[in-house]
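Below: a set of structures, written as structure tokens.
One chain, subunit A, appears in both complexes that follow, with subunit B as partner in the first and subunit C in the second.
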Partner chain A sequence: MIIKVAWRNVWRHKTRSAVIVFSVMFGIWAGIFMQSFMNGMVEQRVRTSIQTEVSHLQIHNPGFSKDHDANYFIPDGPAFVKTISGFPQVQSVCGRVIAKGMIATSSGSAGIKINGIEPAAERSTTQLDKSLIEGNYLSTEGKNEIFIGEKLLKKLKLKLKSKVVLTVMDKDNNIASGAFRIRGIFRTQNTPYDEANVFVYGKDLSELLGTPGEIHEIAVLLKSNAALDSTCQKLQSGWPSVKTETWKEIAPEIDLTVSVANQSFYIFMGIIMLALAFGIVNTMLMAILERTREIGMLMALGMNKAKVFYMIFLETLFLVFCGTPFGIILSLITTYYFGKYGIDMSGYKEVYSSFGYSEMIYPTINLRDYRIILELVVATTIFSSLFPARRALKLNPSEAIRK
Partner chain B sequence: MINKLIWRNLWRNQRRSFIAMASVAFAVLLAVTMKSMQKGVFDNLIKNVVSFYSGYIQVHKYGYWEEQNLDNSFEYSGVFIDSIMKVSNVSGGVARIESFVLASSGSSTYGCLLVGTQPKEENLLTSLQNKITSGTYFSDGKSGAIVSEGLAMRLDVSVNDTIVLLGQGYHGTTAAGKYPISGLAHFGSPQLNDGLVFLTLATAQDFLSAGNKITTIAINVSSPAFLEQSAAAISTSSGKEYEVLTWKNIMPDIDNHMRADNIDFYIFVGVLYLLIAFGLFGTILMMLTERRYELGMMMAIGMKRMHLALMLTGETILISTLGTIFGLLLSYPVVKYFEQHPLVFSGGLKEAYTKFGFEPIWPATLELNIFLTQAAIVFALSLIIGLFPLVKIMRMDAITTMKR
Partner chain C sequence: MDTVIDTHNVFKIYNEKSIPVYAVNGVHLHIERGEFTALVGPSGSGKTTLLNMIGGLDKPTGGYVEINGQNITKMNSNELINFRMRNIGFVFQSYNLIPVLTASENIEFIMLLQKVNKKDRKKRVLELLKEIGIPDKGNIRPSELSGGQQQRVVVARALASKPAFILADEPTANLDSVSASNLLDIMEKLNTEEKMTFLFSTHDQRVIDRAHRVITLQDGKVTSDVPGKEGIASDRILEHKK
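Showing the complex of A and B:
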């Protein structure tokens, strides 16, 4: 009986019902859309860092990271690279010879990290060639050529084809130097990185270090981040003598960015849910006010307070459940659409690209987030329906009816 | 006459007016809180980052930033520094001489940044003393060095060991010297932690044969909101021979990161405004329904639609204004509270924050500007939505509306 009354009340005032149904729908849509936007944004940032800088996994000699000593190379490195590239989860692998050293010219010197690379493998793993701005990327057959950051180039007042001297400590702790000619200039979004890193052929550097053919670092790019932990474990248990680390350990700041983004998201989401709740509470309070006479009448006729409360509560509940499917459908459509075509932030292209982000954001959502948001919104709306129902209880029938 | 009606209507049904005002007030409260929280997290981040090393503003000789070497240094002058300290909003500053050198111990050698600094002022600016994890801070009369932990680990040295510094001094002279390590300091940022050596200003000047020259004056401001104005004021007072950089110039990557985050935040704010607008619309709509009979009656006894519209507009303006004012009054203590009692992160996030040298807190920023802009936006929203009843009135038929 009460259910029937409540149901009819829903349809009696269509505009009012429509407003609440819309609020609920909009609340669900907003929650899910924002979560998916956030996911898309974070994913894009993590992906950018992984694909252009750290890669998914890195392998070193356990002693290497503390002390960049040339002797801490990976045993049988080149063969190991080949083995890893045979893994089905692996997209691309590259080996690097690494040394800390000095770059010197007639006009100054600077401390840098020298990366000895294999140009083709490096290209497929970190897309290093894409950051080229002048000259050429390292070719496969060149010798004693260097790929240098624009920032460092300017600092040392160099230009394309200039000669520089690289000084490193070789495996016997002697100072070894070699002259290199600038073949290409790069610029990544990370200016400090550009200032601190140069690239040469792995062969040249390993000869300079007195460890020909050896490599110090293996970077592995996986086909999907989902295989991260399993591949890492496989490498750790199969090759316990070397240290395999995931991007989370190598670049914890990326993970920090992600968790800060998540944390702030929950706080903003809380504020937005409050806005939704107040919207519904105020609308329902006004609705009760409008129906003062009617409710007073029902009470005067002998409907008890519990039933009045129940009626109003049920009414709000119906409205919420009418709005929910619309909200789900709308959010499915928008996340699908934007997930496919992306949200164009190119109005802010300068800011985005200066940080290495593409200006398109592709929202994505997983089932678990979907469920959480849905529960959150429905709980918020049901909670907010309690207030108007309580309000109705406070009516005095004899006064209310006089209106 | 209409004014009187508006005023009376407002007080006739106090509950109704109250609900309408409350919805505006809460909208203001939420918008202000959201913006203050977002500003707060950024301001706190900046405060942390600049207190690592750089300070909010740096003054160099013109051209130093492009070419960081000792040829671009300038003579230390107490008068000049005092003139900067007198600029309003400037809360402290330190004179430094900076140069890239090689630090070595035993058989290992690493490149690092040598910083000659004034111990007392440096501590006020970057709390260097608190970053000391072993040993002591600069003590008078001793020429000890403070080495960042990461670098010390690489060099395999600890307190009371000796490090050798090698570099290029002023005018290309060779600089070499050995210094006992008086303390190790931990820096949150790995980049700093792996490559800093501090000496007192005089010791470093001596090492670099640089007389009484300095390269940098790092400056703190008391209110970051007026950073640009302060930088401009310093720039005018110091003249063309000097360059004045803010942290935005010094660390453009962090500035960009924040700007990117700020843009993403617009989407959140957009959603919030939409929800607020919906809430307001619902409230206004129900208010109109409640007053259908009353409005129909007024029309029936001869009130012109124009006048009725005028009356409703007046009410909307009044309700919006009062609601906005209440909202502002309400949000002040809330924001103030979160400013003084910031949210504290816990668990993994706290660890991550501390590791990077950030305080694991989230304070709100109390800034008049935020209150005003957010209030203005909500006020405008509620006015626009408040115009909706006018459309209704124009189409209202007195007879049907009076039927209950």
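Showing the complex of A and C:
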């Protein structure tokens, strides 16, 4: 009966209750949609980062991570690449010769990471060829050619087929330089990456470093991120002399972005629900004030404090939960629509790409977010019912009845 | 006869520390089962305050109240709530029905608080609706009932818990003469047939005329305690029979 009374009390002032119900609905929709937008951005960033930059796993000589010395190559690297490519959970794998060096032209110079690659393996692991915007991707038979990012190209005022000089420290700590001609220009969604990386043939870089046939890095792309930890463990236990790291360790800033996005949902929703809570508290306090005599009468008849609290809690719960499903449904519809067709943020392309984000955002939402919504809704209900309930419980029935 | 209400030198003092106001000033009251008593007096004489203390809605500053031999003044608020629910029926001046419930549900509500089973609740509701003369109005909400009908539902609600007595604070104040008369008929019938004890606080001469005992309060003190017209008539009949 208390449930019935509470439910009917909610609809005593239909307009007032409807305002709260709509507020809850739009609040939840806004929170979920905002999070789905964030999820879309972050997931795309993670996906792009894994598929085109760091891959799922990377293997290095333990010393190489601290000091990019040419001598810290992976023992029997090419053979190790072949072994890993036989793992069932591995989609593709490639070996790289890596050096920190300098690119110089007549118009300037810049510090860069030089990636010596095997073009076909790199293509299947990082889809580097898909980033080509001008010229050609590295071929299998070429020599002293370089694949350079558009951002760096513009910075150094270069153009296709321009000559550049790459300078590195070789294995004996001597300075070694080589002239390379620009074969192709690439552009990824991550401008800072484009500015800091160039690609040359692995054998050319090995020659410069004096480490022919050796590789410094193995990038492993898995069929699924779900196999990340198990594959990493397998490699770590099977080959303890090399260092195997996941993308989370290699690019902690991306993992941090994921964590921040997750935490931001609590913050966004927390703020929205807090704002809603004040509206609900106000509505409930008005309801208590209007029903002072009635509540006094109920207490006089024998309704104890726990039941009065329960009734007010239920009224608040009904108010909040009437709006919640509609908010969730609305958010599902909008997330589905924009998840399919995307949200075009090309107006802010420069800003987005400078942080490595795509200008097309495809919102996505997961079950965890809905669980958080429900937790916050329950917390809001409890919080919102406390003040009105306290007001009601402080009523003296003999005085309340006379009001 | 059983004593239902017993007040022992009850005081209610407001502003005790500054300028004390004696709302109730040393009242001794003794009401037996089956009495039909009116508590009368001018506004501010302490009728409602005394009624509230008897009903356990307010605590005396001094003295104590016994209901059915139990000292309710000693009880804490939870014990009092439980005691009120099981022993006291309230009829208020301004109906005070739950507007979102039907007449039947209003009557049933207190039995739910008492955890009476559904079958017994439904049976009792039907009995009470019949008893108050509106058996066909059970599914109607209070706003669709007349003032008199609403006050009858209030009486039925008060009776639903099978209380030891009913406290009625100005029960006819908002009723026209026909409705007031009908309500008093019902109350009198309950008093006569079921020996239900009634204690009214009232200004209404129609109630005073029907009371068997009239207690007058003035400045918080009992200034007279006499049989009412009905009481006198009953006494005369008894004397005549003797």
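By our rule, the second predicted complex is superposed on the first by the 220 of 403 C-alpha atoms of A that agree within 3 Å, B and C clash if a C-alpha of one lies under 4 Å from a C-alpha of the other, contacts with A are read in each partner's own complex, and residues count from 1 in each chain.
Everything that follows uses one rule, which is that a contact is a pair of C-beta atoms (placed from the backbone, for glycine too) under 8 Å apart; a residue touches a chain by one contact, two chains touch by 3 or more.
None of these values were measured; they are calculated from a predicted model.
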Subunit B versus subunit C as contact partner of A:L317, first or second or both or neither: neither
Touched partner set for A:L274, first subunit B, second subunit C, both or neither: first
Which partner reaches more residues of subunit A (counting touched residues only), subunit B or subunit C: B
First, second, both or neither for A:K100, with subunit B first and subunit C second: first
Which of subunit B and subunit C A:L298 touches, first, second, both or neither: second
Touching partner for A:G108 - first (subunit B), second (subunit C), both, neither: first
Which superposed partner A:L332 touches (first subunit B, second subunit C, both, neither): neither
Touched partner set for A:N9, first subunit B, second subunit C, both or neither: second
Common interface residues of subunit A - those touching subunit B in one complex and subunit C in the other: none
Subunit A-touching residues of subunit B, taken from the complex the two chains share: 13, 15-16, 19-20, 22-23, 26-27, 30, 33-34, 37-38, 41, 66-69, 100, 102, 107-112, 153-154, 156, 168, 191, 195, 252-253, 256-257, 259-260, 263-264, 267-268, 271-272, 274-276, 278-283, 285-287, 289-290, 343, 345, 348-349, 352-353, 355-356, 362
Subunit C residues touching subunit A - in the complex, by the definition given at the top: 48, 52, 55, 57-58, 77-78, 81-82, 84-86, 90, 92, 94, 96, 98-101, 105, 108-110, 112-114, 157, 161
Partner subunit C, residues of subunit A touching it in the complex: 1, 4-5, 8-9, 12, 293-294, 297-305, 307, 396-398, 401-402
Touching residues (chain side subunit A, partner subunit B) in the complex: 13, 15-16, 19-20, 22-23, 26-27, 30, 33-34, 37-38, 41, 66-67, 100, 102, 108-112, 154-155, 157, 169, 173, 189-192, 252-253, 255-256, 259-260, 263-264, 267-268, 271-272, 274-276, 278-280, 282-283, 285-287, 289-290, 345, 348, 351-352, 354-355, 357
